[in-house]
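I have placed the structure first, in the form of structure tokens, so that the comments after it can refer back to it.
Going in written order, the chains are labelled A, B and C, and every chain counts its residues from 1.
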Amino acid sequence: MSLRTVASYALLVVGSIVVAFPLLLALSYSFMSESEIATFPPPIFPAQATLSNYEKVFGTIPIGRYLLNSVIVSSAVVVGQLLTASLAAYAFSFLVFRGRQLLFFLFLSTLMIPWEATIIPNYMTIRTIGWLDTYQGLAVPFMATAFGTFLLRQAFLQIPRELWDAARIDGATTFRFLISTVIPLSRPALGTVAIYGFLSTYNQYFWPLLVTNQVLMRTTQVGIAQLRFEESLRWGLVMAGVMMVAVPTLALLVLGQRQLIRGLTAGAVKG
Amino acid sequence: MKGWTSRDLRGLGTGLAYLAPSLFLFAAFVFIPLAQTIYLSFFNTRATGAITTFAGLDNYLELLTSEAFRTGLLATAIFALYTVPIGIGLGLVLAVMLNQRLRGINVFRTMMSSTIAISAAVGALIWLLLFNPSLGLLNYVLSRVGIHGPEWLIQPTTAIIAVSITTIWLTLGTNIIVLLSGLQGVPEEIYEAARLDGARGLRMFTRITVPMVSPSLFFLLVVDTVAVLQAFTQIHLLTRGGPVDATRVLVYSIYLDAFQNFRFGFASAQAVILLLLVMGLTLIQFRFVERRVHYQ
Amino acid sequence: MRRLATFALALTMVATACGGLAPGGSDSSALAPAKDVAPAAAITWWHAMGGVNGEAINRIVTAFNSSQSKIKVEAIFQGTYDDLLAKLNTALASNAAPALVQVYDIGQRYMYDSGQVVPMQAFIDRDKFNTSDFEPAVINYYKYQDKLQSMPWNASSSILFYNKDAFKEVGLDPEKPPVTFTEVADAAKKLTKKDASGATVRFGFGPSIYGWLFEQLMATSAAPYADNGNGRDNRATKVLWNSAQGKAILDWWKAGVDGGYFYNPGIDNAGSTNAFNSGKTAMYIESTATLRNTINVAKFQVGTGLYPRPDNKPKDGGNIIGGASLYIMKSRPAAEQQAAWEFVKYAMTPAVQGQWQSDTGYYPIVKGAYDTGPSKEWATKYPQFLTAITQIRESPQNRNTNGAVLGVMPQARQRTQKMIESVLLGQATSQAALDAAVADINKAIETYNKANP
């Protein structure tokens, strides 16, 4: 191993620990008793690891159901987003038409609207069409994404024009080109959109709180809030809940990484 | 329509066909609610949200002449200036480190992008613990190396920095993933060609890497700015807009007026102004910065 | 003679018409559904109790549901008090409110002004429900012009927590905690400990910057928070913090922080509790609701004392109840309102209240609860709680100790926090900060009163 490699590894280890430290700390705290957490100087590792916090989480909230709900809703949103964003990004990158610039800004503008401006009217809409306490109510409002569209547009713009021209000469339709060429070549970007969409939906709090009343339709963030007292904070319990809720997202991250790699080695975009 | 040929219309039609699903959802869940909010901003409302009287521009006037608004703008600007450049810069450095072909690189990639898996609420709670002077590790660790850590959330200047650090940490995962994705889209041939030309290290970085990944950088600039200007949860949990309104950014002010003080008309006016500000900022970014982005 | 009779009749008719609006005396049963209305089979109850408290609620609801077969209550957690109120507001606008809802103490005025509440007094008058056993301090907070608007649910107050071991260590009597501002400051100076490098390892006193604590300090100082009888005789038009008492509070606080013997955890209430539990501070002030957890977590002997008050110990000074109460919502059909009342009655029985106290650490609303088994057990396990009970019972009942009623209370609380911050940071003198805060909130009150006629 060259010195350069050793140095690289060293940097990576240090960097990873620094970045992941807050998360690792949360993990550590989830195994500590409340009494131990409330000591000074603050401990890093539990002197006596305990599973009591995790047991308490199960006893306090139906965490399994919340996880299931969150995964279902987030997955639905991802599918919806990939569909709508791919189509839209394609229009913004390969199609040329008057008004394209304006429409693109229209899309981007949706990112800039403060959530407080839309959340209450949206609640009223969902309620009026009877979608309270349903998966659709939780997922549908988020199935269009300016973030995803923008990201895919950047990725699609990287695809060489020659491929497009060649396809036209071959008589391929616009739509065909999207399916046969553009999508397969944009796997890293699509993967990113999927990961991002999943996680941002998974981490929502206020919207699920508003549109769900039934305990069994609630999602993970609302569940974590239930672990927090109005009057006093039990760090161990909350961190245990946090860890349990983070498991699917971390799993997704691990899998997603592989997808990103595969995107690279499966015959890169150019050449 | 003036100057529109039938070809133009057909082109627009095709375009709209692809945009239709997104546009429909946006119309229903973004634009129409926005219109309702804009409408509401011209009225006075009761605490329960019902409209009482027409206010015209009163809400806007009250807002623009209030000192709280100016403080809020300043806080928002400082917060954005701290968070966005550092977040993207740090993300780039780490993404480059993670772009190497080393064994076990996936472990490091996962660890560094893990922040994306943490919701703002959870992340803020963890950092609240870290910044906590009595239980917090941050100051304790600093004290072990001889630095007397500041009272993070108590002093106005450090409070903004603390919220900024938390936000940078929260967005680091996204930044790394997007930049890594962008870096992996750069063909090896380009690096080889540059190496043949004698480029190394920093030169390689600034002349090749950065331009090649500039679409991703630009993307993050726009998206992170917008996200930072909308950051709410971490402020709510860490500082509640304090100390002495140091972190009372516009979006938090809107929350307070809408959900604590129940002044919906007034909050709506603020939301409209925030929207205009963000739009203006984004337009500027597109106009002056996208020029320098290198698309292949 | 006839003219007098006609006059008296007219008066009676007017009085009846004004029913629940006239202060004192008259009967508001007209606002409740008729006594013979059958209660609904199912109702929902929105609350903000998470964790252990939420479990306690579930236990009560389950017991109620299985004790009879007419009514089924569903208790739903709706986030923090803030989130719950936001959701309630939204739900009201689209007619989706629950029958019973828990709203925090400072949401009182807002709830009355919303016009969406059926006052508890209506049911009490209609059924001639006996409230003589109810804790006066608790009831008085939630009465407006002599009518009980909501049923207190989780009641807590504020006390001084102190570390008995630390007291012994520095030669202070662990059974005699300080009571006045000067006593607290003196004790804090003795309790502050520094290490070799000059860094403070223990502060004497560590209150968090919490608007509620300031309200309590005003109350023990016998100083009104707002005008018009603290907002209880009539709608408040201004706040009165910039009095001599308000200044005295801020001066005391600032002197402590500047002198290095008060610790400043900022607005982080959990932080101030952690500081105390971990021994970083030797005394602090907080809600009685944190008592049980502190006793279980701290590795030292925990003592409780009276809440600090000015040196002259004004005899009209006392503590205010905090917490939340239950409202029956008018927008629900009469049957549901009836069912909600049935549940409320059940929840106020001594047995339920005793268990509730034992499970959560909140005050029982009815005095009879203290005689129940769980409550007695609690008293033996946590004798420190006795201070809290005694304090609230011995607090004189007046406008100040009954708490302020303000439509903009949440905003006012936030503003007092900003005010304290600015003083402690040295950005403003006490008087200037008080005046600025008062000016801001007076404007807010004006806006609120105009918007909610």
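Here, a residue touches a chain if its C-beta (ideal position, glycine included) is under 8 Å from a C-beta of that chain, and two chains touch if they have at least 3 such contacts.
Model, not experiment: these values are computed from the prediction.
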item: Shared chain contacts [subunit A and subunit C, defined touch]; value: B
item: Most distant chain from subunit A by Cα centroid; value: C
item: Interface with more contacting C-beta pairs, comparing B-C to A-B; value: A-B
item: Distance from the mean Cα position of subunit C to that of subunit B, given in whole angstrom; value: 38
item: Subunit A-subunit B separation of Cα centroids, rounded to whole Å; value: 15
item: Subunit B, residues touching no fewer than two other chains; value: 49, 134-135, 259
item: Set of subunit C residues in contact with two or more other chains; value: 90, 93, 274, 278, 280
item: Set of subunit A residues in contact with two or more other chains; value: 38, 40, 120, 225
item: Contacting residues of subunit C [partner subunit B, same complex]; value: 82, 85-86, 89-90, 92-93, 110, 113-114, 116, 199, 263-268, 271, 274-275, 278, 280-281, 407-408, 410-411, 414, 417-418, 421-422, 425, 427, 444, 447-448, 450-452
item: Sites on subunit B touched by subunit C in the complex; value: 44-50, 52, 128, 132-135, 143, 148, 151, 153-156, 239-245, 256, 259-263
item: Residues on subunit A engaged by subunit B in the complex (per definition of touch); value: 5, 8-9, 11-13, 15-17, 19-20, 22-23, 25-26, 29, 37-38, 40-42, 44, 83-85, 87-88, 90-91, 95-100, 103, 105-122, 125, 140-141, 143-147, 149-151, 154-155, 157-158, 160, 174, 188-189, 191-192, 195-196, 199, 202-205, 221, 224-225, 235, 238-239, 242, 245-246, 249-250, 252-254, 257-258, 260-261, 263-264, 268-271
item: For the subunit A and subunit C complex, residues of the former touching the latter; value: 34-35, 38-40, 59-60, 120, 123-124, 127-128, 132, 206, 209-210, 213-215, 222, 225-234, 237
item: Parts of subunit C lying in touch with subunit A, wherever the complex brings them together; value: 44, 48-55, 76-81, 83, 87, 90, 93-94, 96, 156, 270, 273-274, 277-280, 287, 289-290, 293, 296-299
